[in-house]
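What follows is subunit A paired twice: with subunit B in the first complex and subunit C in the second.
Coming up: the complex of A and B.
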């Protein structure tokens, strides 16, 4: 019975981990390129959730089709906030960009609250389920996982095989060197910020495919915290590291529960959450740059 | 010369005393202060509370005529700020309301955690602190002198629910308890566990989950393995939606499912896309359709004050400018205004310590139901009801004498 539970939870953990990974890639990309910690990260995830909800509930559009819409809207938001706020703060002290992204997060929350109100919302896609002997998996979770993998692979090929992707990597390595080589660093900053926000908003769609309830203007806070842990685990400036760390985080979150539940008198769920932080603590002791981070 | 100084001094003292007395007599309004949750996690409950308070203030000022103090009717004013559903916001705003706005009474924020955070501040200023949103029993175990509760204690939330299941299906004995790890829900779980044990239920599963949880799959898979007949639990809002959604995802079908807080909100059914919410139940302090009335109060020997149910609903809609039926968060906040007015009138004073003492002796009924507190200020006079979602509508199914519909049991499958 324990093994059956463990196996079932690991499957769910892997699926959720893929979505967590995608949700963190945007944060890592923005930090890697601009050295900006986006404290308002969760608010952009929330925007993605509301895009999905609105398209599905009002227009009857499938969450799968909400993915490109979210990417475009996220990138538009990214360009907007880059040219109005972030561009001025690239060379400013880190505290300035921290406060700015914090403010952007609050602004987004309040605007969404003004439009949609503070109700906890949700939608019911009702795609069906796969019944395995060890667990039951809703198809929407599988779609969300596959979608996250496809997007992560697409980003990987874009970074490694295209000129623009190479330029972004060059700016991550050495922005001054890239400038000397003729790369328009200002444009790369803007594009990277927009892609980072686009990815984050898109991950909001994936998260609602996984968990289609509790959609609320203030839902992002908990994801911001998780994304920071995953980003540090994977290496702050490495989007791929973030994706793999997301998978590990999901597996730990779900898998460790079963093991802790075997200890009498222990509340396994809070311990499971703390385990991820303990793992982060020890990893930083051994490898301060994170799993795939470079020195 | 000395005589002249003495005379001047006496005249000054008399004048000062006169001014003080006149000032005391010249109270021209009662001000209720409230660190409300306009934004943040509890914004929805906060909006409801503001609507309920405004509705009852509207009734007191425009129908009742104001609060009768020293033979004069004075209006009630309402001063509130946004606490952002944060403890630090609550504590600093209570201080501001008392020292800058000079309010006569402070209403707590929503949730046990925020209510508990604000209590020591009100206590420091000897300020009456009325709790309409903090249900944890622990608030009343700290020795606070100025706190009085309108919402019922957390430990009682699932007592009626268990009585109901025991009444309808004495053979279903396997109960699972799964609650949020929050101040309020821990207390609810303790009360439920004690009562379930007393009724002879077998508790086959008992776990908590952290606040802000985004995935309950591990806990629910574990719960499923224990094959319960009845599941009771929950915490606040998003977790309650997640609970039912993921029970449905994992095909966990039980005979009865009751979740605190979230299941009683109108948005719950819509958020779950209808079918998943069918048959889900929740304990509630008030539901539209309860039958409290002035005649009913008379029958049980209680004073009645305030609007009837429909008048409250209409004033609530006017206060918020929205066409929505209030939920229990609005009703309990509104009833608290009525309790304050009644106590102030009974003692003919607005002094916080005197009104607190009067509240301790107060027993009355309003559209919200009975109201009475024990020595610690904890609510003991109000009875809860249990509601169930049936075909998209909420019906009161317990207690039987208050029921507006028949219990659907066992709960329809997800």
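Coming up: the complex of A and C.
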């Protein structure tokens, strides 16, 4: 019985893990290129969720089409915040960039709250579901998983096959060296920040398939924290590491939930969340470069 | 004694604030709020200002301080012979919990630098909060409500006096203590060592400075002061504690804003920052209730981008080589 439950939950964990992976790639990309931890990360996920919700429930547009809209709006937000704020903070001490990204997050949350109110909302895509002997999986979750993998692969090829992608990797390795080789480092910073934000907003679209009624201006905080854990797990500056770490994290999270639920007298959900942070803690202690990171 | 002159304006401001609150009817709550921000800013600044490390999880100490006070009072209130002593037991518990967590954090987190340190500190805060809720220790997410325990121990009148006056008075004392410790550290070997860490940690190590030791001293001091503020300003004053209310990163952000407004690494900065931040927050809550954050977020961004040295940093530059300079640091 419990094994069945565990297996069923692990399938859900894997699907959610793909979305977690996508949601963290943007964080890792921005850290890798600019050395900035985006503390307002979750707010951008929230923006993606609200884009999907508005397109679906007001205009009747399918969430599949929300993905390109989210990417474009995310990149627009990314360029806007880069040129107004982040550009001046690349050389500043950490304090400045941490606080600035946090403030950007608050700003987004409050603007969204002003427009949509603070209630929890949701939508129902009604695609049907697959019934397996051990569990029932809504088709929308599978679409979200496949979508995340496609986007991650796309990013991979963009990084490895195009000139611009190579230039981004060069800046990650050594920004001064890249500058000497004729790379326009300022533009790469802007582009990477925009792509990072675009990816994050897109992952918000995917995430809505997993939270039927959980869309709220303040929903992002918990994903910021999960993204931190996943990013560290994946080596902090590597987007692919982040993707695989997301898969691992999804599996651990859902698996642990089933096991914690067997213990009488505890609240399994918060305990699962706290497990994530103890994992982070031990990881930082043993191998700060991440499980999948370089030395 | 000349090297302690900068304490004069700080303590004078605190005294004036106290007198205003004490003698002018209806001002006490506002003055108490301002003292709270000043005390927190000053305490946070002891570690951050001197080392440059950003402790994003600072609110953990404030929260643990509150829990210490809550546990102390709710476990010992039935012993009548302890009298006012239960407050001190609560304070000791608060400091004990905070120092445990500070030592654990310094063991793990202080080996890390930059972004990793900030992430680790946030992780500790969230991990603790969810652990308390998940494992249902200390009342789990239902928290601890101990106003009844206070009344049982001291009677209604004394309890009211305790929550409405003495809790805030204690915050004043802590704020002053934080300022004194801050300047003492600045003017001693600890401060020089930490300044070396801030400028270039590897070079400091090569010069033979035991960086971990000094970082731990400053971290512990800053954490204990934060716990003491939590024990009184949230513990005794509110007489209840819920994990979802206290382990909130937004309070760390408030500390950071206070320090940044006034000027990081200065003595007078957190005081001025606390006054400006507290007053504007109070004013916004009256004028635009519900929209404070919407107004604050862009202001924070503007300050970081165009005014990173803060008010006192700016004043310091202007008063250089004038007689005023020895009072401002």
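Worth pointing out:
Criterion: the second predicted complex is superposed on the first by the 281 of 295 C-alpha atoms of A that agree within 3 Å, B and C clash if a C-alpha of one lies under 4 Å from a C-alpha of the other, contacts with A are read in each partner's own complex, and residues count from 1 in each chain.
Please note the rule applied: a contact is a pair of C-beta atoms (placed from the backbone, for glycine too) under 8 Å apart; a residue touches a chain by one contact, two chains touch by 3 or more.
Given the structure is predicted, the values throughout are model-derived calculations rather than measurements.
With subunit A as the common reference for superposition, the partners subunit B and subunit C occupy clashing space. Within the superposed three-chain model, A:100 lies in touch with subunit C and out of touch with subunit B [touch as defined at top]. In the superposition on chain A, contact is made by A:229 with subunit C only, not with subunit B. By the document's definition of touching, neither partner reaches A:142: not subunit B, not subunit C.
Look at A:267: by the touch rule set out above, it reaches both subunit B and subunit C. Once chain A of one complex is fitted onto chain A of the other, the partner contacts of A:7 are absent, as it touches neither subunit B nor subunit C.
In the superposed model, A:185 lies in contact with neither subunit B nor subunit C. Of the two partner chains placed by superposition, A:65 touches none, neither subunit B nor subunit C. In the overlay built on the shared chain, the residue A:119 is in contact with subunit B alone; subunit C does not reach it.
Once the two complexes are overlaid on the shared chain, A:284 sits against subunit C while remaining clear of subunit B. Listed for subunit C are the stretches 236-244, 254-262, 272-280 or 308-316, of which 236-244 clashes with subunit B, judged after superposition on chain A. The contact surfaces that subunit B and subunit C form on subunit A in the two complexes overlap at residues 109-110, 221, 267-270, 272-273. Subunit A makes touch with subunit C in their complex at residues 31, 35, 37, 39, 85, 88-89, 92-96, 98-100, 102-104, 106-107, 109-111, 114, 221, 225, 228-229, 231-232, 236, 260, 265-274, 276-278, 280-281, 284-285, 288.
Subunit B makes touch with subunit A in their complex at residues 39-41, 43-44, 46-47, 85, 181, 207-210, 212-215, 217-219, 221-222, 225, 237-239, 241-242, 245, 249-251, 262, 265, 267-268, 270-276. The touching residues of subunit C, counted against subunit A in their complex, run 48, 52, 54, 56, 108-109, 111-112, 114-116, 118-120, 122-124, 126-131, 133-136, 140-141, 249, 253, 256-257, 260, 264, 291, 293-294, 296-298, 300-301, 304-305, 308. Residues of subunit A that touch subunit B in their complex: 1, 5, 8-9, 12, 16, 109-110, 113, 117-124, 126, 129, 131, 135-136, 138, 141, 207, 210-219, 221-223, 226, 253-254, 257-258, 261, 267-270, 272-273.
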